[in-house]
Amino acid sequence: MIRVGINGYGTIGKRVADAVRAQPDMTVHGVAKRSPDYVAVGAAEADYAVYAADADRADGFREIGIDLAGTVDDLVAESDVIVDATPSGIGAENRPLYERHDTPAIFQGGEDATVAEVSFNARANFAEAEDADYARVVSCNTTGLSRFLAPLHETYGIDKARVTLVRRGGDPDQTGRGPINDTVPDPVSIPSHHGPDVQTVFPELDIDTIGLKVPTTMMHVHAVNVSLAEEPDGVDDVRDQFRAEDRLLTIPEYAGIDGAGTLKDFAMDAGRPRGDIWENCIWGESITLQGRDLYCMQAIHQEADVVPENVDAIRALTGLLDGPESRSLTNETLGIDLGRLRGRENPTTEQQAAERVSSDD
Amino acid sequence: MIRVGINGYGTIGKRVADAVRAQPDMTVHGVAKRSPDYVAVGAAEADYAVYAADADRADGFREIGIDLAGTVDDLVAESDVIVDATPSGIGAENRPLYERHDTPAIFQGGEDATVAEVSFNARANFAEAEDADYARVVSCNTTGLSRFLAPLHETYGIDKARVTLVRRGGDPDQTGRGPINDTVPDPVSIPSHHGPDVQTVFPELDIDTIGLKVPTTMMHVHAVNVSLAEEPDGVDDVRDQFRAEDRLLTIPEYAGIDGAGTLKDFAMDAGRPRGDIWENCIWGESITLQGRDLYCMQAIHQEADVVPENVDAIRALTGLLDGPESRSLTNETLGIDLGRLRGRENPTTEQQAAERVSSDD
Amino acid sequence: MIRVGINGYGTIGKRVADAVRAQPDMTVHGVAKRSPDYVAVGAAEADYAVYAADADRADGFREIGIDLAGTVDDLVAESDVIVDATPSGIGAENRPLYERHDTPAIFQGGEDATVAEVSFNARANFAEAEDADYARVVSCNTTGLSRFLAPLHETYGIDKARVTLVRRGGDPDQTGRGPINDTVPDPVSIPSHHGPDVQTVFPELDIDTIGLKVPTTMMHVHAVNVSLAEEPDGVDDVRDQFRAEDRLLTIPEYAGIDGAGTLKDFAMDAGRPRGDIWENCIWGESITLQGRDLYCMQAIHQEADVVPENVDAIRALTGLLDGPESRSLTNETLGIDLGRLRGRENPTTEQQAAERVSSDD
Amino acid sequence: MIRVGINGYGTIGKRVADAVRAQPDMTVHGVAKRSPDYVAVGAAEADYAVYAADADRADGFREIGIDLAGTVDDLVAESDVIVDATPSGIGAENRPLYERHDTPAIFQGGEDATVAEVSFNARANFAEAEDADYARVVSCNTTGLSRFLAPLHETYGIDKARVTLVRRGGDPDQTGRGPINDTVPDPVSIPSHHGPDVQTVFPELDIDTIGLKVPTTMMHVHAVNVSLAEEPDGVDDVRDQFRAEDRLLTIPEYAGIDGAGTLKDFAMDAGRPRGDIWENCIWGESITLQGRDLYCMQAIHQEADVVPENVDAIRALTGLLDGPESRSLTNETLGIDLGRLRGRENPTTEQQAAERVSSDD
């Protein structure tokens, strides 16, 4: 059993902890937390060993009845691998700590790519992290794009990808973030950092990205265009490619899912913890082919899609399993099961829909 | 085992179904649903017997692989009691159907009070529904106010209550509702309907309410003032009253919970289904006493707080248990347990806070 | 003096009325209004002759002290040309009325293209409306795209345009429209109607559009990609093309304008009536060239950009002036003067910025 | 002619500058500005003498073609009076500068009350500032409350006022401010600072305030309750009091004004510069009397309502005119004319409405 330490128990850290706990081949050794707040109470109630990220605030934990297991230094010393889920930029500051203890570590996408030897996506380049001591799971948006582009890249080849990322302004619990009533180019310059970030996973890929942020909290939405190298045999062929992927969910028309609100509601109905959606959600009706130009829209749950990737990255770094085995085990243990909506469509209706779209080409 | 039929499987209906299923003394006989969409898939995946609310759309259910158990008429005939969770105004149209089958029924707060003999709140007037065939669980806001006012009414007496309701514009899945960037008096006239609605539960209570709606989706927030008949022995006495209530959660200062986003996050961490918050959430720091004038702010989860009330109403109507027994069983089976944040505060700190507030009087 | 009747005095109608009044060669004969509300008061206070769009509500106007000049039928009979600014779909219903009186009419972009012989944009196809009796000013988004694409089309040729339209959910006064907290594919299918609508102005253009709506009220934002037929001599050449256009405003980096809020604030500072921005607003930093692929972001004021187009359409239909003369006169009388921010940039800085962008190619 | 220097040319400063320029007895000597951005361009285009608030950034102004008239030190030395419109907290830091030059100064409500001898509201305590060297115009919310409470205080006496302030999260140009989707108690403790701030104007007034912030940008909304000492002769008597006030606008029912969006639209139609609403906007239908308890809702334009107050404060400090004369001149020059909507209501209808409300008592 691999002992995993989670440094940073916030939006990502607490989800990774629960995901690690669900695995048969690893265990949560402990979590490091800075503030003695409701999230810390959640860690204690979940019976995670809590380590103080900031020794000066240890008293605060005691006052709310949380017995600390040690400091973050102890956690790093005692763990076989660390998942660093601290805020953007702090991860890089923590790397010397991990080096000092010779503990391999996984960083998040908020860090610069230089923080680790490899930028990791479980679907696209699992094997590259197998010899690494440090890996960086790419950001939620880059993870979503990597999963989407991988099968297209392999099957048809990609001449060029162009993506507009309509990003949520902040997470549901971040009341200090805006905008309140504006669509803000972010960044104003083009390409946004997302394109180059995808290239850390697909070095040769020609991709241009435009980023904006809007007053929403639930999910990012991508408007995607891919100029394929080879023309598919119709849009159904592309749909089949997406269906063959384990972390791409195609939303059928009948479902009546029109945005992030209904997607989260669907996930809640399915009993997902925290309503998490680990998969890319691609609107089936939006998948369109104009010659070699493929278009579609997908929603990405910024709090969740990197969670299974972190689990897989732990296995890559520690050599527990290979890529397909790891992804399969992660999917099974978390309950990433796309069958809920699938196979329910009337094949006739679907065929007709496909033909209707094809006639637009 | 009481057989419960749920007519209307939307935001409230699906939550009531899951809550009923969790009870030892009742069972979900079936749910009636209108549209064959993702919510219908959720009902089928949860193994509820699905009845067609609209016979004309039965084909649509078959097309997505859902075998219907019958029509809504069948559901009413076969059930011992119906929970009507259809949209506002439809409940009243359904009442003749329930009468025809001699099936007792529970309506929701979107209906006019005249739809049933009694307007029901489990804490305030459980016994009044014990002889009724039809009861109406008051709306989310009225439920929240009734629970809050009941202990004050009993302990100190209430000269007058004045409440400003800052209401969420729509639920997370209702993309068609606004406002986007406005605070809208709703209604413009004063009192809003909430005051008179509270009086269906507390007939003698003097209460004035003002309603507004704002661009949020997660929870309503109430700014409350109560002029008490008798002055409490300090604000701690009031806090103790609230703590003695099983569906009032006092948010401690240390928790760092600043709004609905962090409240829902807290509920998610606690593993609550759909992140539901069945309790009123009162900000502890906001509880303030100025002579006999009590002030505070509370948040109300519009999708969830009436759910345990519906379960209790079923028991009241069918005579299964008395009020305290029913509430206790409902709380236990759902997991309404307020101890998670409680008892963690440093008593000294809390005492100081209480004194600091008192010195403002 | 051409007598112009405005049928529909709402968001667009009142702006067109004020713009027509500012012209030396036309006059507002009257405006037809349905509801006796604050907007009707505005018409009366502005000394426009008010005609009842709905005879049944004539009493309501009298009660608030507005003497009606007649009915909408009278207005059509007495005017030389009608600008129909009624809600989407009503314009088509009104066309028989205009035909009956032999009054030429201009419709808005909410109508189907079939409502008129020509879909009109002053920059792109003024001459086509010169022999028409009925013209349709294309929608705010299509107007913005037509102005943007016209110089590129003429100078470099366009192989393909791909645009993601991040649309505002509603206007500032539309409290009933959402979404509140969601990014909604609208429509889910691709292309959205905007692409085909641009083709009513540029019939041969290859353009694919994706539409979404977000919780904002102030402006639409377009993320644009154009694959040019011929590669420009660097990005400066493209910038020069945009600067030569009278209704394209390039936002310089120094200005610190990050979204619609600051754009409207800028327009307010400039004394623009209603803070209206008649021009496309292109973020200068976003203009990027990757080989023959041009990218940029622009904001479109949905309440205002079609206003000068309506004035020009009146001249096209009535033969008052040719396109360049009309546009020039409209610009001068309204105060469409782009010089406020222009020419203030340090040429050195700008040169460097251009070089920096070029080095990205 | 009093020479007025404006230190800080942002949201408030630029509005005060334009208002001062409109007066016959004072002139804008110059404005001090920190950043060479679009707002600075606005100052230059408006022909205000621009002084550098930060000497280190003087080059930036030159680069965009703005010739500086000096530094802020020069501006203070050359002016007869300074209006400090710098961000909250900076005003207090600036006071020594004004003292050094013996220049009287007016601060804004973001400063602590101790920054000046008197906290000023033109309606409530003009005379108190007549002998002062330093005055503080109270904040937008406190100004709105002071104007509202003054006539009630004088006519009926006030036993207690209770106000819930539903505050806009940020101004339209502040894209960095939230919340995006939450109603946030702000502050959580009660009373909010607004109550004590009103007491700087009405020292004896018993007032409790609760503050929240919501995801809107256009106006604050107050839900007000006042327990009057003496019962009015019906609600019409109260309405008459409000109508007699020059900076209280009662919104009639017929107008169809439902929120800040329509209020700003109304102001735009009226040709108001920047769509500014200098008056409190009270929804007429909301004015309700329950015995001695008065209720209503009002909207406050946070960018504008203090502007006429600053002009009046200049006259109070410099002894130019007394309160009624100053307010009258300010109103006339700015165009604060409430007659646009007034007097249009059908007296019969209005009488009926009044009676209908009275029957609720």
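Assorted remarks:
As written, the chain order gives the labels A, B, C and D, with residue 1 at the start of each chain.
By our rule, a contact is a pair of C-beta atoms (placed from the backbone, for glycine too) under 8 Å apart; a residue touches a chain by one contact, two chains touch by 3 or more.
Computed from a predicted structure; not experimentally measured.
If you compare B-C with C-D, the chain pair joined by more contacting C-beta pairs is C-D. On a Cα centroid basis, the chain most remote from chain B in this structure is C.
Chain D has its Cα centroid 35 Å from the Cα centroid of chain C. Work out the mean CA point of chain A and of chain C, and you get 40 Å between them.
Averaged Cα coordinates give chain B a centre that lies 47 Å from the centre of chain C. The residues of chain D that reach two or more other chains are 172, 174-175, 179-182, 184, 215-218, 258-259, 261, listed in rising order. Considering their complex, residues 169-170, 172, 174-182, 184, 215-217 of chain A touch chain D. The touching residues of chain D, counted against chain C in their complex, run 14, 35-39, 41-42, 45-46, 60, 63-65, 171-175, 180-181, 217-218, 254-259, 261-262, 264-266, 268-271, 273-275, 340-341, 343-346, 349.
On chain C, the positions that touch chain A within their shared complex are 160, 162, 164, 166, 168, 179, 181-185, 188-191, 208, 210, 212, 214-221, 223, 225, 253, 258-261, 283, 285-286, 288, 290, 293, 295-297, 299, 357, 360.
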